[in-house]
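Paired with chain B in one complex and with chain C in the other, chain A is shared by the two complexes that follow.
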Partner chain A sequence: MVGAFDYAPAIVLLPFLSFLVALAGGKYLPKGGAFGGIAATAGSLVLSAWVFLTVSAGNAYNETLYTWVAGAGEETTRLTFGLLLDPLAAMMLLIVSLVALLVHVFSLGYMNDEGETGLPRYYAGLGLFTASMLGFVVADNLLMAFMFFELVGLCSYLLIGFWFRDSGPPSAAKKAFLVTRFGDYFFLVGVVAVFATFGTAKFAGEGAFPVIAEEALAGSAAEVTTFGFAPETWFTILGLLILGGVIGKSAQFPLHTWLPDAMEGPTPVSALIHAATMVAAGVYLVARMYGFYALSPTALGIIALVGGFTALFAATMGVVKREIKQVLAYSTISQYGYMMLGLGAGGYVAASFHLLTHAFFKALLFLGAGAVIIAMHHDEDMWNMGGLKERMPVTYYTFLSGSLALAGIVPFAGFWSKDEVLYEALVHGLGGSPLLLAGYAMGLVAVFFTGFYTFRMVFLTFHGEPRTEVARDPHGVRWNVKGPLVVLGILAATIGFVNMVPVQDLTGIHLEFLHDWLAHGELSALTAEHYGELLHDYAHYTSADVASYVAGAVSLALALAGAGLAHVLYNVPEPTEHTAKLGAVKDLWYNNYYQDEYQIWIATSVVLPLSRLADKFDQGVVDGVVNGVSSVSLFAGSRIRRIQTGVVSNYAALLTLGLTALLVVFGVLGGWFV
Partner chain B sequence: MIIEALIAITFVASMAVLLAPNAWAGRLAATLSLLPVVGSLYMWSRFDATGNALTGGTPAFETTVQWLELGGYTLNWHVGVDGIGLPLVVLTTVLTTLAVVSAWASIDDRQSQFYGLMLFMEANLLGVFTALDFFVWFVFWEAVLLPMYFLIGVWGGPRRKYAAIKFFVYTNIASLAMFIGFIALVFGLGDSVSSLDMPAIAGALRAGELGSLYGIPAATLRTVAFVAMFLGFAVKVPIVPFHTWLPDAHVEAPSPVSVMLAGVLLKMGTYALLRFNFTMLPETATQFAAPIALIAVISVIYGAMLALAQQDLKRIVAYSSVSSMGYVILGLIAYTTYGVGGATFQMIAHGLISGLMFMAVGVIYNTTHTRMVGDMSGMADRMPVTTGILVAGAFGYMGLPLMAGFAGEFFIFKGAFESTVHAAMPLFTAVAMFGIVVVAGYLLFAMQRTLFGAFRLETDYEVGPAPISETAPLAVLLVAIIVLGVAPDLFFGMIQNAVDPLLEFGGELS
Partner chain C sequence: MVPVQWYLLLATAVFCIGLFGILTRKNALLFLMSVELMLNAANINLVAFSAYWGNITGQTFSLFTMALAAAEVAVGIGIILVLYRNFDDVDVTLAKGMRW
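Let's look at the complex of A and B:
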C-alpha cells in the first residue's frame, strides 16, 4: 500500500512545475501556459484521489522528507519538511486540486477568450498558488505550515494585483497582504513560541506538540517550558497567537477587511481564494492542530465567538451590496465564520464538513458570477442585470444550485453542513458551556440574512426584466465556462449527502460517512474520536440532548424566511431598492461598519505621522547631535587656526610667552620660589 | 596559502585595473574579479574547519608567519577561516563581481579608478574576514575605509563630499574607540599574552586572565573596554542612534557602491561585534543582555518607522538595513545556536537581499533619473523584468519563506525567544518581530506607488527595459537568495559548528 504515498510529493510539485513552465516559457506556449496548469492540476487531482483511496483503506502517512536545517548535535532543533496524510489532509487535497483544476479550465473562458494580456504571469500565479496551498495542506509541522501559509499570501498578492496597470488592484493586493501579514505576525510569534515550549512543531506522531501538551496537562512528566505561566494559561496564549494568522487569512473580524477589496482580482482567482486556498487555509490550520486547541476551553470559546460574530456581522453587510462579487465576498466571510463557530463549539467534523461543502458551492457561485460578468461585458453591478435566466440557462441553474446550498435549503449541501455546525454549538452550549449559546444565536440569526442576501442576488441577477441593453443581449460563454459550472453544480447539490445526521436520527439509516471518515485512522491522535475525548476531558464540553432534526428545522425555517422575504421584495419584473427602509442601518452596512475607515485611519493618521515624527526626530536631534559635534570641532578648529597668523613676530611673541608660562609653572610646581 | 593568494590576486587585479584604459576597465575588472570568486568557491568546496577559530577550533587554510616585534608583542601574519568567516568571504567575492558588472551601465567617468578602487576594497574586505591577528585585522579594517571614501566622494551624488566625510570621520572615530578598548584589554592581560594573536587573546580573556591596569580593577576594565568596542562597532553596523551616516552615504553613493556598503561593509560591524565583544567578553555581554536587546529592538522598530517616512527609494532601503541589522544584534545577544548562528546567517542573507534591492533601485534610477516615490508610477509596464525581480527581492526583504531572509530572521527569532540570557528575551523578541509587519508596509506602499498603476514619469527620459548587464546580476542574486532559502544548511551547518563553542562559558549558559 505504499504506492500512493510515494507519489504524494508530486501532488505539490506538479503545480509548482507548471508555475515554472508558465513563467519561463508561457509566452511561447499555446494559451499562455494554461494547458500546463490544467495538466498539472489534473495530475494532482488523480494523485489526490489515489491518496484518498489509500487513506480510506485505513492507512496514514507521516514522514519527514527534507531536512531544512539539520542542527548541530542532539540539543539543537532539527527543522524539517514532511508529509502528513490523514483523512483530513486527504479530503482537503481533493478539494483543493479539484477546485484548482476547474478554475484553470474556467480561466480559459474568462481570461484567454477575453483577450487578456499577461497570461503567462496569470497561469504562473495560479500554479504557484495551487502548489503553495497543497504544500500547506500536507505540511507535517507548524513551521512548514507557516512557510506555505506565507507563500499562499504572496500568491494572493500577485493574483489580486494581476491587473497592475489600474489603480485598484495593486492597492487591494497590498491591503490583502498587509492585513494578513498583521495576523501572520502573531502566528509567527506562535510558531517560535511553540518551538521554545515543546522543542518541536510536529503535528502528529511520537513527540508531536499537541501530544506533549496533552501529557503536560495530564501531569505525566513531559518537559515543557512555559515561561512562568501555568501550562493551561500558556497553551491558551499559544493557541491565540496562532489564531492571529487564522483570523487574518480566514478573514475573520477584525481582519476581514482585505477580502471584499480582493474582488479586484480576476474572478477565477476569487473563486480559488475563497473556495479552496487562501481563506480556507486559516480554518484548515485550526482543524489540523485541533488536538491542541481542544485542550483550551478559553481558546475554543474565543474561536466560537469570533466565528459566530463574524458570521452574523458579514451577513448583514451582504444585504445591501450592489455588485454581485461583493455579495459573494461577504458571504465568504460569513461562511468561514460558521466554520470557526463549528471548530470553537467542538464540532470538528461539522466544521470540516462545512469546509468541504462550502468549497464546492462557493467555487460554483464565483465561477457562475464570472460567467455572468463575461456575459455583462465585465459589468458587475446587479442593478444593471436582470432576466439573465432565459439567456444563460446553464449558468442560471448551476448558480441556483449553489445559492440553495449557500442559503442552506434542504437538501442542498450547505444545509447539512451549516445545520451541523449550529447543532454542535447548540448542544455543547446547552451542555454546560453557555458562551457557545451566544455563538449559536448569532449564527442562527445570520441564517436568515444569508437566505435573504443570497436570493436577493439571484433575483436581481437572473429574474425579472433585463434592466440594461447588455443584459438584454449578453455575451455568450463556451464549454470551458459551462463545464466547470456543471461539475460544481452537481456537487453543490449532492455533496451534503455524505453526512446527513438529521436524516439518520430520524430514520435510523446510517448516513454519516464523513463522521466515520474523520473519526478513525491510523494516527489515532488526529481522529475526531480522540478530539472528542480531549474536548470532554480538558475543555469540559458535554452534549445536551437535543434532536438534530429539530435544530435543523429551525435553521431551515429561518433560511426559507430570508429567501421568502427576498422573493417578495426582489422577485418582481422591475425590482426597486428597498434598502432605504433600513434608514441609518443602511449607511452602516453599506460602509461596512466603518471597519475600513478605522484601519485606514490607523495606517494614515497614526502610523504615518508617527513615522514622520520619528524622521524629524532623527534628522533634527539624532543627526543634529552628530552634525553639532562636527560643527563644534570645526568651529573650534577655525578659532584655533587664527593663532596661526603667518606673521613671524607673532610666533616669536607666542614662543616667548609660552616659554615664560612654562617656566612659571615649573617654578611654582618645583618649589623654586619657596 | 589560498587565502594569501586570494587577497594578493585581488590586490594585483585592482592595480591592473587602475592602469587599464577607461574603455575596458569595467570588463577587465569583472573578469579579474572572477578569480577570487572561483577561489572562494574552491575554499568552500574544500572547507574542513571545525569549531570556532578564536576558541580553540581548527580554522581552514590557516597560515601563521611571524612578521615583526612591536613593544614586546609578536605580530604574526595569521589568517584562516572558520564557519563564520567563510560565508562572508564568499559573500564578498560574489557581491563584488555582481556590483562591478552592474556598474558598467552607469559609471561613465574615470572607470579605471572606480573599478580599481572596488577591487582594492574587496581585497581589504577579504583580509578583514580572514585575519586572525589583531594587527593584520586592524590594518585591513582601516584600509577598507579609504576606497569607500573615494568611491562615495568622487562618483557620488550632489552632496557626496558631505556624505563621504561624514562616513569617514564617523567610522574612523569609532575605530579609535574600539582600538583603545581592545588595546586596554591586551595590556590588562599583561604577561599572559605575548602577541596580538586573536585566538590567544580570546582564550586568555575567556579564561578570566584579565588583570588590573593602571590601578583600574579588572572588572571595570572589562566593562569599559566592552563599551568602547561596542560603540566602535555600533557605528559600523550601524545601531541606533549611531546610524545617521548611513542614509546620507547610501543616498550619495552610486548604486554599485551602495551594494557593497550595505551588502558587505555593514557586516564588518556585526562580524567584529561577534568576534570581539561576544566571543571575547561573553560574561560582560550577557551582563548587558537587557540593554543590548533593547537597542536591538529599537533599531528594528525605529529603523523600520524611519523607512516608512521616506520618499526616496534608496533611503527606504537604507533605513531598512538599520532595521535588519537590529535583528542581527538581537540574535547575537541571545547566545543560543539559532540566535548567534541565525545572526551570522542573516548577515549573508541581508548582504544578498539588500544588494539586490540597491541594485534594482539603481537600475530604475539609471532609467528614470529619479528615485523619488512620487515621481513615477507604473514602471512595471515599461520594465517588466526589473520589476519582477524587484518585487521578488522586496518579498525576500519582507521575509518570505523559502528565501534567505526568512531563514535568517526565523533562526534569530527562534534563538532569541528561547534564550535564557535575560528573563524578558521572549518579550524583546516578540516586539522586534513586529518589524516584519512594518517592513511589509513600507515596501508594499513603495512598490504600489512606483511600479504599479498607470505609467507616469516626472522626468523626461525614455524608459525601456534595462540592459542585460544590469538585470543579469539581479537575477543571479535572486537565484542565490532562493537557493539559500531552500537549503540554508549550505552555510548554516558550518555556521552552527563555528558558533556552538561560543555558547559554552561560565558553566551556566548554553
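Let's look at the complex of A and C:
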C-alpha cells in the first residue's frame, strides 16, 4: 500500500529542488525564485501533515534507505541514510515546514518589495536550509544527523553573510561558523566514539545504540567497548561530547556568543534559522537520543545546569539592549536555556512542548520585528521608535500576542510550556535531585527578567509618542507581511491548548494531548513512557508531590511582576533610559558580560602562544629531523659520486676489485682456504 | 692425454694477460684485443672441460662465444672509430665527459 511514508523522502527533496532551481534559474524567474521556494515548502508542509496524520494513527517508520559504506562481512558497521518518523519527528516536521513556508512568504515583503539584489542566492539559501533541517529531523542515525547538522550550519553561514558587501555580516557569519564548529568538533568525536562503542549509530529499532547502552547498564549486552571505563562513566563522556555540538548550535553558555551577532543577517533568516529551527536542532538532538541521556544522571545534571544558567544569563543581557533584534536574540538564547533545563530535569515532554510553542512565538516576534524594521526604513534602534501601535495595528496585536507568549502570561502558549519546564525541574528537584533546584531557581528568576525585557521592548517600540520623524510616518507593509504574522499570532495565542496540565489538574478536563502524543508509539523505545522508566531506574529521578497550578502561579506572578515593572517604567509618552541607573551592572550587561572580550583574550593570549609553540615544535623538531636525514644523504651523495670519474679504465679496475673482493668473501665464508 | 689442469693454467694465464691489458693500457684497440683474450680464455675452459667429460655441449657453446666475440668486435670497432673522430686519438682516458 502506498502511504505517507513512501512520500516522506520528498519532504526533504522538495526544498532541495527549490534550492537547485533558485540557484540555476533564479535570475530568469519572477521574484528571484521565491515562488519555487513557496511551492516546495508548501508541498513539504502538506506531506508533513500527511505523515503527522499517519503517525497519529499509531504508525511509525524506521527504515534504512541507502547504505553508502558497508564493510566486508556480516557483522559490520554500516554508514547509512534512513528515515525515522515517530511522533517527535512528525511534530518537528510540521513546525519546520510551516515556519519555513511563512518565512518564504514574508521574504516577499521583506526582500523583494524592498528591492534587494541577489535574491536567487537568498532563496537558494533558504531552500537548502529548509531541506537540510528537514533532513536532520528525519535522520535515523547519528552520523546522518551530524551531516545535516553541518549543512544547516553552512546555510546559516551563507545567509548571515548575505549582505557580504558590508563589513558586519561577513564577520558575523565567520563568527557563527567558527563558534558552532568548535562545538561540532566535540560532536564529531562523539559520533566516532559512538560508532567505536556500539558499532552502530541508529536512534531506534533493533540494536539501536540507546538500547544497547541500556542493556549494557543492565548487564545483558553482548559487546560494548568502553575503553577501560565503567559503562556509566563512558556513556556520560559520550553524552557530553555530543552535547558539545548541542551547546554550540543551541547557543548555550559558553558558546552562545555567535547568536546575537547573527542578527546581521536578513530578519526572515533570523526568524527561520536563529529562532525557530536551526537553533532548535541542538535541543531536538538531545530529545532525539533522550533514551541515551536518560541513562546518565551526570549528563542530565550538566544539561539542566547549563540550561538554567543560560536562561538567566541571557535574560539579564536582554534587559539593556537598544536594538529590537538584539533583545529577541538574547530572549532566544534564554528560551533555549529553558528547553535544556527541561530536558536535563527529566521533562522530555515539557521541553518538546516548549520547543513547539517557542518555534511559533519566536518566529512571530522576529517577523514582527521585521515588519517594524521595514516600517522604520531599516532602523533597528528601539529608542528611535515609539507610538507605532496606531500606525501598524496588525503588527502590533500579533507582536503583542507573541510577547505575551514569550513573557509567559496566561493563557498564551509560552506560559503553559515554560511553566511545565519549571514544574518538572521543581518536582524532580524536590524529589531527590537537589542539583535541579539550582536550575529551577535560575529559571524562575529569569522569568521575571523575561517579563521585563519583553514588555520594555513592546512599550518602547509601539507605545508612547513617536520619537523620530520616521516613526511618525512609517513605511506601510503589505499582505505578504501581515499574512504570516496573523497565522503565527493566532498560533502563539492558542498552541498552548495542546497541553494545559495545570488546567487539567484543577478542572479534571482532559487537556494533555501532547503528553498522549509523545507517550505512546509503535517504537516503544522512543516514547515518553519509556523515558520516564529510564529516568526513574538509571537517573534515579523521583517526583515530589507539588500541585502544578501552585508552581504555575508562582512563575506567572513573577512574569507579571516583570511586565508590570516594564509598564510602570516604559509605558509613558516619553520614556527615559532607566537601565542607565543600574550603573556598572548596565555596562556589564550591555557588553554581554565581556564574553567576546574574554574569548578574544583566550584566543590571543592562550591559544596563539600555544600555536606558536606548536609551530616551533613542528618547524624545529619534526622538520628538523626530516631535514637532517636528507642533508646526511645529500652530503654522502656529494662525496660518493666522485667515484664516477668517467674514465673507462677506472671502472674496469673497480669491477675487478669488486669481483676479487666478492671472491675473497665467498672464499672465507665458504671455507675454501681451510 | 694432457691433464685438464694444464688447460686451466693456460686459460688462467691468458685471462690474466687480458685483464692486465685492460687495467694498464690506454689504447682502445689494445682494450679490444685484451677483451678478446679474456673471452678466449673462457673458450679454452669450455673446450677443456668438454673434452674431459666427453660431452660435446661445451664445444658447441664455444662456437657461439666466437660468433658473439665477432659481433662484439664489430661494435667495438665502431665505438673506436667514433672515439677517433671526436678526439683525434684512440686514448680511452680522453673520453671522460660522462661523469659526476
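In the analysis below, the second predicted complex is superposed on the first by the 597 of 674 C-alpha atoms of A that agree within 3 Å, B and C clash if a C-alpha of one lies under 4 Å from a C-alpha of the other, contacts with A are read in each partner's own complex, and residues count from 1 in each chain.
The working rule: a contact is a pair of C-beta atoms (placed from the backbone, for glycine too) under 8 Å apart; a residue touches a chain by one contact, two chains touch by 3 or more.
Note that the structure is a prediction, hence the values are computed from the model and not measured.
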Key: Touching partner for A:Y590 - first (chain B), second (chain C), both, neither   = neither
Task = Report for A:A653: first if it touches chain B alone, second if chain C alone, otherwise both or neither.
result = second
Partner chain(s) touched by A:F148 [first = chain B, second = chain C, both, neither] = first
Ask   = What is the contact status of A:R641 with respect to chain B (first) and chain C (second): first, second, both, or neither?
value = second
Request  = Would you check which partner chain A:Y397 touches, where first means chain B only, second means chain C only, and both and neither mean what they say?
outcome  = neither
Ask   = First (chain B), second (chain C), both or neither: which does A:F35 touch?
value = neither
Ask   = Which chain makes contact with more of the residues of chain A, chain B or else chain C?
value = B
Request  = Based on the superposed arrangement, let me know which partner A:P170 touches: chain B (first), chain C (second), both, or neither?
outcome  = first
Inquiry  = Per the contact definition, I'd like the list of chain B residues that touch chain A in the complex.
reply    = 166, 169-170, 240-241, 243-245, 302, 305-306, 308-310, 337-338, 378, 380-381, 395, 398, 400-402, 406-407, 410-411, 413-414, 417-418, 426, 429-430, 433-434, 436-437, 440-441, 444-445, 447-448, 451-455, 487-489, 492-493, 496-497, 500, 510
Request  = Please name which positions on chain A make contact with chain C in the complex.
outcome  = 641-642, 644-649, 652-653, 656
Inquiry  = Going by the contact rule set out above, which residues of chain C touch chain A in the complex?
reply    = 19, 22-23, 26, 31, 92-93, 95-100
Note = Touching chain B in the complex, chain A uses residues 67-73, 75-77, 143, 146-148, 150-151, 154, 161, 164-167, 169-171, 173-174, 177-178, 181-182, 184-185, 188-189, 192-193, 195-196, 225, 227, 603, 607-608, 610-612, 614-615, 618, 622-623, 626, 630
